[in-house]
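Both complexes shown next keep chain A, but they swap its partner, so chain B is in the first and chain C is in the second.
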Partner chain A sequence: MTAFADAFHELRIGWRRRTTYAFAAFAIAALAPLAFGEARTADLAGGLYLACAAVGLAFAVGVAGLPSLAQGAFVAVGAVVAAHLLAAGIPLPLAAVAGGLGGSSAGGLVGYAFARLPRAGFAAATWIVSWLVAFMLQSITWFLGGSEGVVVGGGPTASGHYELALALTGLAALGYLALARSPIGLRLAAARDREAAAAALGVPVLRLRVVAVAASGAVAGVAGAFAVQLAGVGDATQYGPFLSFRLFVVVLVGGALAPLGAPAGILVLGVLSVAADFVGRLENVAAARAHTLLTAIMLLGIVSLGWEGIVRAPKRRRRAGPGSGPDRARPATLEARALGKAFGNVVAAQDVAVGIAPGRITALVGPNGSGKTTVLRMLAGTIEPDEGSVVVAHGSVARTLQATAVFPTLTPLEHVLVASAGRRSRAGLVRSLFSTPQARAEDAAYVAHARAVLDRFGVLHDVPAGELPVTDQRALMIAAAYATGASVLLVDEPTAGASTVEAARMTGLLRSLRDEGLALLVVEHNLGVVRRLADRVVVLDAGRVIADGTPDAVAADDAVRAAYLGRRSF
Partner chain B sequence: MRSVLLVLVAAVALAGCGGSSSPSHRTPLTIVVNGPFSRSPYLGRTIENGARLAVQEVNANGLRVAGTTYELRVRTLDTGLSPARAVANMRRAVGQDAIAVVDEGTGIDASWRIANDAGVPIGVVFEGGRQIVDPVTRPNVFRIAPTDHGLAFRLAEYLIPKGLKIALMHDDSDYGAAGGRALATAFSRNRSSVAIEETLPADALDLGPQVLRARRAHATALLVWGRPATIAAVLTAARSAGWNVPVFTPPTGADPFVRQQLADHPQWVDGLTFAGGRLTAEVGTGPFLTFEQKYESSFGVDRVGVKTRAGRAVVVLPETAMYAYDFVNLVAAAVLKAGSTAPPRITAALNEVTTEGANGDQRGFNRNNHEGVVDDDIYFARFHDMTYAPVKDDPLSATLPTLPQTR
Partner chain C sequence: MAVALQILASGFAAGTVYGLVAVGHSLVFRLTGVVHFAFGELIALGVFVTLLAAAGNEPVSQTSVAGARFLLALVVGLLVTAVASAGAYFLAIEPYRARGSVIGWVGASLAVAFAVRTLLVVFFDRPAYVFPDPLPFRHVADDGFWHVGGATIQVRSIFVAVAALVLAGLGVALLQRTRFGRALEAIAQDFDAAVLVGLPVGRLVGLAFALAGVWAGLAAILAAPSAAFDVDAAARYGLYGLLAAAVVWFDARRALAAGIALGLTQAAVTSVHLGTLELGAAYRDVVPLALGLLFFAWRARTTTEVFE
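Let's look at the complex of A and B:
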């Protein structure tokens, strides 16, 4: 009862005007069968099943940033599975679950195969999948019975299907909202904005993208299963590539970042179909072709005008609460021995040894092209060394990128939540989807922790990170790396382009992290900062360590002066 | 004076009570034509035209039931050869209070139930599989068209006695696959007549390899069951290789597309023999020619697009339109028989009425048989100079006259 009371209380706090509008719209929509005959109600139910599939696609497109053009194929998989089960007498709910599993499996396979590709490649690959599935359905009559289809009898009436479809669409929208807010959704959004930066914060990008496509496939499969029962026949001609294209346009028109964007897009497409019929009659063109033409024109318009959708993304409010946030990081050391790396004929690093101890700051310096970034990437585990080893005792490593690389659409609060997500124990897919009390309590505790971290680093909480000043963005990158709970932080050029005041702020932050017991490696060009900040300095030149010692000792080293300092000094 | 007034009032009252026969007071009754208008426009249009012609005639004569005069009207819905759209169209038809549906047959296995729940009769007017019609399990489905089964068995019956070695070829379209199954059954007891069985890729432009395989199997005849494009491709492959083997087909051999594709080589069409439903009856050509005249007056002449050697334009005979025409007339008769426009009563009455068909045959159904074209009514015709005539080596066909096909 306490859990329900808490949930109800949170619902009341989170209730907004647009929530009222959404509920009102659903309530009015539920009355539609009273106004329409069976044929029109069946058409509306079919449209709602499409809307449900489109909500699933919106998660992959909007949250994960994956322009999937295979959603129609996943709908087809669900339909094929369900059609055969229904024809064999299996009840509709079980057939729908099986259809969802089929769609999810297909989505998982597609995600695993293509999620590594850049976006354009992913879109092209999924478009090919759509064509392949359509071709298979039409060529191999076993799947959907050729021109007569697989007949599916029984099931609810058209009105029953309508209410079912409306409920499913609502549930899909709620699921979208829950997952988008969850650590899974945040990490996907981070990877969407900047994949390399997300990976640097420990986000398992590929795995999460596979999950996103699988989840969208599951929703499509369920929608396809119910829709085939409504249609009364599994018909291969209904699952051509144009279905995927239409779902994609629906998501873009309605808004990929809003859970109710896809249903809004379906409404627009419904109006479009009326226009298509009119154009078809005027020009003596088949309505289906006119529909395709107008949809394609709409897509071109959306893409060229940068349209963000009819329904804007909801504002994301997060509640802080009591509870145990992430544990503090344990002190750890990093020892790198005899590291070597070559890229073709170019030796980027050779016999490099670096040790990073807790409670100390080690600076890694060297002229441009000396191999600092390569060594940093080997220490972070981003690339494998050709020789040597990196050993981290009792902890993990986090790294900031050289360029200012925040996630522009996320707030600083969300940045820190992305970074700390890997430490959560109640943020799995099911808990996130159902927004369980324990998941919400953990989320509130981590939000409180994140706000505390941001206060410590002097960064605003709730503005888009892309709008922060550059120095604040750099501070945010370090805050996020800190929030991962890593014991060893690799910080790449924290004061690049900073004024004296800003550089002093950065050095103060890094010292506070050192004083907390973290082991830090700082790559820097600003020798004044190095002198003030570092406990130890390692100097690289042409991929080799030419000096390793205190700042004073390194500054006096002749080899360092000759290779790097010239007339300059620490 | 009072009595005069009373008479006047009574006269006015009586004038107002009766049903009006003026067109503006006719109650509409909808007949839906569910056809592949976008994917097979010729077929869809001829079905629609046949239905409209019958509707025109029924309305001209007046359809009066229980004191109310009704006016039939035709609504068309496009299936696009999609079973799912056919089902959705059937829902629409029922929602539009259709009293009957004239259907090409796509998706019937799924859509008949929707019409049956509302008691709406369906008339299938294009050839198809046997399972489409079953008076017991599908009491609202009727057919006026040849069946695959009937065509296949008549072809077997016609060809086997000739001692030919037949290459059974069907394309991999659903039409071809269904025909292939029917042929396999029809020839199952005379496998010695079969030289080879081949599946042809539908819509392929070059079927040379497949025809060559048939030639190498020592086939002395080709029986090709497929879409018109497949038939044209087989003829092209055989004739261009100098192989003048006789070619036999189902009704798709008479499709205008075959002659259009071979317009540059009209001699390749000579000898093509197809099986089809009989267009004329024992009473002679009069009824069909009358029907053809009415059809052309209303909708114009359907030209094939080719000419004979004498330069005369070849026209298409309205066979499919005839079936749709006959079904609508049966529906009108059923309405009168039932004395009601309620679809369930029309469906029941369809088992009890007969009408004279467009070709002069008596058309009708009964509770045990919903097929309007019996297998015995299938005849064979052979092409020569872009027109065809009934063959003389089949007992039924030999009795049939040649219908004029040129203008």
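Let's look at the complex of A and C:
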């Protein structure tokens, strides 16, 4: 009973005006079959199945930032699978599940193959996939019976399909919402904003993108399965690249960052098709053609106005609660021995040994081009050393990128949640989708922990990070690295371009992390800062370690003076 | 041997046209970071406007148009393509490229593609068109065909291949030897720096879009009389060109080679019999696209540094 009371309480405090509107819209929409005839209702149901597929696409486009042009192909896969099963007498629900599995496998495959590409490449690849599937449906008659189609009988009435489609669209929208708010969605959004910075915080970018494309493919597959039953025939000509384009337009028009954007986009397209009928009759042009033209022209108009869609992204609120947040990092050491790395003929590092101990700050310094960044990237595991080894005893490593690499559209709170998501145990796909009590409790505990971390680093919680002052953005990236729970932090130029006051704030923060027992390596240009901050200094020149010791000892070293001759001395 | 010769003869000509389109895709991508999804449709526009100017909207036979009128039609067709390409760039692509909105330019260039396609389908609504041929290839050899070593070679296809290669060579010369070409190279290497040193970047890129359209359109018009023609055929040029350009990540020289490879693959699919296995014309799109995508996926997963 208490679980229900809790859930009700949560629902009540989470309720907003937007939620009321959404519910009202669905309730009114559910009454539509009363007002329209059977044939019109069937059309509407078909439109809603499209809306459902578009909600899936909106997740890939909006949250993950992947311009997928293969959604129509995933719908086709669901339709083919379902058409064959239905023709063999399998009941509709099972066929729909199979269609969803087919769609998600196709999506997963496309994601696995192409999610590593830059966005332009991903768009090109998915576009070609769309064409390939269309050609396959036309030339391989086994799929959908070629020009004759596969006839699918039975199934619910048009009104039944309509209500089913409405419910399915609602479910897809709820799934979008749950996933977008979950650690999966947050980390995808971080990778969408800045891929390199997300990867540095330990976000498994590629894997999550595959999940995103597979999830959107699953929704497309289910929608395709139901839609082919509604149509009564699997028609190969229905699934061309134009379907993918139309779904993309729907998402763009309706808004990719809100779960109900896609249904709103479908509504606009529906109104447009009525207008196209009218224009077509006036100009004696087939309605389908007028429709395509109007869709294309409208899209051009909409995107050229910098339109962000009918339904905008909702404000995100997060509730903190009791419970166990992440544990504190255990003390750990990092030992690098005999590291070597060459890029072609250029030797960037040779026989470099660095040890990072808990409760100590080690500074890595050297003139420009001395190999600091290469060494840092080898320590972080971003690039493989040609020689030597990096050993981290019981703990993990996190790295911050130079200066301001925040995710501009995420709030500081979300930054910290992105970073700590890797430590969560109840934030998988299924738990996130169904928002289980355990997942919600863990969520609340991690939010509480994140707010505490932000207070400690002196950063505001709930404004877009892109609007923070630069000095807060630096503190935020270190806060995020800290929140990954790594015992070893690699900090790249924390004070580059900072004023004296800002530099003092950063050194204070780094000292407090050292006093907590973390092992820190700081790459720093400002030698004054190094002298005040570091317990130990490693000096690189031309890829080799030329000095290693306390700041004072290193400052007195002749080799170091020679390397820095003409530069600033200690 | 005869089979290999047959594949080479029928695949090479189509491949050079794909290759030239791929070079156009590469040029556009290098300059702007944008994938030109409307390229195939703009090529179709060039071909159909040429047809309209040469023969009106009536059915034509291969021989019914005189040389002078055809030349005039060619100029009109290429002009329209050039204007439409540059217009598409300024109206639909540049605003989003400037804003860094990938989703925006993807949507906008697809919208141009479908708008042009629909317009063409409305005006040219017969399923396939015969394109007039001003050059008398049908009088050469055996009614325009050579029979060499068991293979049948369309004389015309040799002309198309040579013409496309000459166009490619001219393009390279234009890019490497002229001030215009060097300016484009500067823009491709660093767009913002090119703006800073005072190059009229917008105008130059618009001109490059127009030229890419003219080059590929010319190749398509030269190839058009070889077979029946429709909007989809031109869209395929755009698609195959995109695939060829993408697998080599928009490197212009390799794109030409990749296009030729795609053309040869396509010819192989239609003419090879392996024992009882005969793929035939039904698979002429499926197999090359599938193989190309597999290769693209393999490259995307193994050689990430290339894709920048």
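Before moving on, here are some points about what is shown:
Keep in mind that, in the parts below, the second predicted complex is superposed on the first by the 557 of 570 C-alpha atoms of A that agree within 3 Å, B and C clash if a C-alpha of one lies under 4 Å from a C-alpha of the other, contacts with A are read in each partner's own complex, and residues count from 1 in each chain.
Note that a residue touches a chain if its C-beta (ideal position, glycine included) is under 8 Å from a C-beta of that chain, and two chains touch if they have at least 3 such contacts.
All figures in this text were calculated on a predicted structure; none of them were measured in a lab.
Overlay on chain A: chain B and chain C fit together in the combined arrangement. In the superposed model, A:A357 lies in contact with neither chain B nor chain C.
When the two structures are aligned on the shared chain, A:L69 is found in touch with chain C, with no touch to chain B.
Between chain B and chain C, it is C that contacts the larger number of residues in chain A.
When the two structures are aligned on the shared chain, A:G37 is found in touch with chain B, with no touch to chain C. Of the two partner chains placed by the overlay, only chain B lies in contact with A:G232; chain C stays clear of it. Once the two complexes are overlaid on the shared chain, A:G149 sits against chain B while remaining clear of chain C.
Per the superposed model, the minimal spacing between any CA atom of chain B and any CA atom of chain C is 5 Å. Across the superposed pair, chain B and chain C touch chain A at no common residue. The residues of chain A lying in touch with chain B in their complex are 37-40, 42-43, 46, 141, 146-149, 151-153, 158, 231-233, 235, 237-238, 286-288.
On the side of chain A, the complex with chain C involves touching residues 61, 65, 67, 69, 113-114, 116-121, 123-125, 127-129, 131-132, 135-136, 139-140, 242, 245, 248-249, 252, 256, 285, 289, 292-293, 295-297, 299-300, 303-304, 306. In the complex of the two chains, the chain C residues touching chain A come out as 29, 33-35, 37, 91-92, 95-96, 99, 102-104, 106-108, 110-115, 117-119, 121-122, 239, 242-243, 246, 249, 282-283, 285-286, 289-290, 292-293, 296-297, 300-301, 304, 307-308.
Residues 38, 78, 80-85, 87-88, 91-92, 94-96, 106-107, 109-111, 113-114, 173-175, 177 of chain B touch chain A in their complex.
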